[in-house]
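Chain IDs A, B and C follow the sequence of writing; residue 1 opens each chain.
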């Protein structure tokens, strides 16, 4: 599997706060990687630094072998990185169609407005928003806005897609819908990094999980292993529960003998 | 821009062109100001309405154009040369300055753009050898026309032609990728960045375009009045009036800017002739009434295109 | 001792600037409104002082006692009646609105007093004295002390009165304040009233030193802008620091470049700060 993204000791400092500390990570093409960690761990900051919203204060971001550490957001958008926002960011007074057309036209060169519109319509069909194409984005429900955000990223024909808490604020039916969409996207070969709180989602959709805590990468690997890793349990729930998790693992080993 | 809007603009501009046939010197004067005001308002709308950055730099562009062009005219240059040269200089300067200035938002950008006008005025005042400083600049312009009436007609048609050019360029921007990008920037700049819009470039271009035709209008103005001084052409009202015109007609709309400019001129003329002592007060009153009771401007009477909400960063509207 | 004289002049000027800017900064920081009328209020205060002295013989320091409540009331009413309607509107609207209201105010003063410069001349004049080789005009010294006093009074009101603390709370976090049961409308009106009161009183003090005309309104406003950006928005210490910084810089600039360039200097400083450090010397960036 070819390597798509490589982070070398990536760090980001905000004044006195070390938001990211020496994060090293490798993501291969076609992977669906889950990025989890307690609140404030630095997950969104990591995406922001990779996509250029903030500049790294240390370390490197390599994309397809190229150093993109100093790239600005519009530059990363044009080489195939796309991301959704935790709090959705549409263009409120533009129509749904125009929102997606905008994403199509600015992320690549060579599209006329007409061609971009056609491509945008295809993305709207893919996410199931075609009937709402001519409504202003501000009139959509939250679940629809999340799908609109998804359609916009797809219109950018991304190679690497960061999905930041796509399920926040959705009920369980809407979460199911969102998950099947994500699986559809993964099936097309797009590499996805999924920031998620719902462990059930992460375990079923992701081939690998990475755990961030206080800006550091504390664990990575197979979903079920990582979830039971005492370090991860401690980060989320504290020492007492991690001790219980360690004991649980030890007992499991004993019973296997 | 809708078909209807385009036709209304063509109609208004066409009507304007008939003024010389209708009346004498007064009609020509009104017509020239109508064209000039429309140029200012339409230009401001590019940065203020489309991009959503509240610029108070219009006076800076106008004054700079008037002086740069005026100095060239006084030195013997042709009107065409002075106009184009001053326009290009302003475009480049505005673009470069914009790269830095447009990192600011909201109030800070407004003040920054205002400060530029103030500094320019003071520098012009100080550069006495070049500009005549506080004593003003005389601009003799020799045209082959002998009569005053002839000159007035000439100036009218020049200003009117500049309006046509301005409208063509600005409407072209509206329909282009640049216009689309500006509307995105206006509504959500970080989302625009994330989908690949080079905001810095687009905003700076918008700032440049908001200045080039204003500067050109300044050159024509200088050639028209034959005498300019800093407090006259750098008057802060040249920054405020286009904003009022654009708000009057409907923010974000080129048609609105044109209608607002014409309406504003009408009100201004009425007040000048009947209430001279109160004319700034009445202008103030107009502004207050407008902003409190008619925030969406005249254009809102026309189309009912899905309630535009003023309580957001001047959402780009398409009329 | 030229250097000391320049410094003294700068400090005197600086205190006046701080007083001019403190109220303006409060309104900008708390309501997110740039009040273009601030300059007009200052001139109106000057006219009040002049009228009180020339027609009734009331000394300016007593006029302060009239100016403060009078301008507070006017400011309160203007905010409740007019500005409150557009308080959530974008910068463009509020800025143009206060500009429009200032045009009305300015026109009114022009009609009432004409553009001729008037001077408040105290009789007998207060003269000046020599201190360590520096000439100190007594009227300026008095104005400076009172200006500082006024500014400090504002600081005390904000820090130690109930409503003052509520204003600071709103400035820090409007939504949280709402949740705490603060009546925003009243807070905004009080803050605006305080701003107007500071402007009016500053005007009374300025009448001791500068000639009075509606034409000066813009210049005073310009100083207020610069001080706010230099010192940091919405805080009285910021206004004081910014004011002193501007005063001293202008005083030195007057000697080095000549006094006719003081406007260029102050606005250039403004642009530099906007680009490099918009939050001012003290930081804590105000609203945009």
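As a convention for this text, a residue touches a chain if its C-beta (ideal position, glycine included) is under 8 Å from a C-beta of that chain, and two chains touch if they have at least 3 such contacts.
Predicted, not measured: the structure shown is a model, and the values here were computed from it.
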item: Comparison of B-C and A-B by number of C-beta pairs in contact, larger one; value: B-C
item: Chain whose Cα centroid lies at the greatest distance from that of chain B; value: A
item: Chain nearest the overall C-alpha centroid of the shown protein atoms; value: B
item: Chain A and chain C, separation of their C-alpha mean positions in angstrom; value: 50
item: Centre distance in Å when chain B and chain C are each reduced to the mean of their C-alpha atoms; value: 32
item: Chain A and chain B: spacing of chain centres that average the CA atoms, whole Å; value: 45
item: Overlap residues in chain B, where contacts from two or more other chains coincide; value: 312
item: In the complex with chain B, residue positions of chain C that touch it; value: 28, 32, 34, 82, 85-86, 88-93, 95-97, 99-108, 110-111, 218, 222, 225, 229, 260-261, 263-264, 267-268, 270-271, 274-275, 278, 287-288
item: Of chain B, residues touching chain C in the complex; value: 48, 54, 100-101, 103-108, 110-112, 115-116, 118-119, 122-123, 126, 236, 240, 243-244, 247, 251, 277-281, 283-288, 291-292, 295, 310-314
item: Chain B residues touching chain A - in the complex, by the definition given at the top; value: 177, 180-181, 183-184, 187-188, 190-199, 306, 308-309, 312, 315-317
item: Chain B partner contacts - residues on chain A that touch it in the complex; value: 51, 53, 72-74, 77-78, 82-83, 85, 89-94, 102-103, 105-108, 113, 136, 138, 152, 156
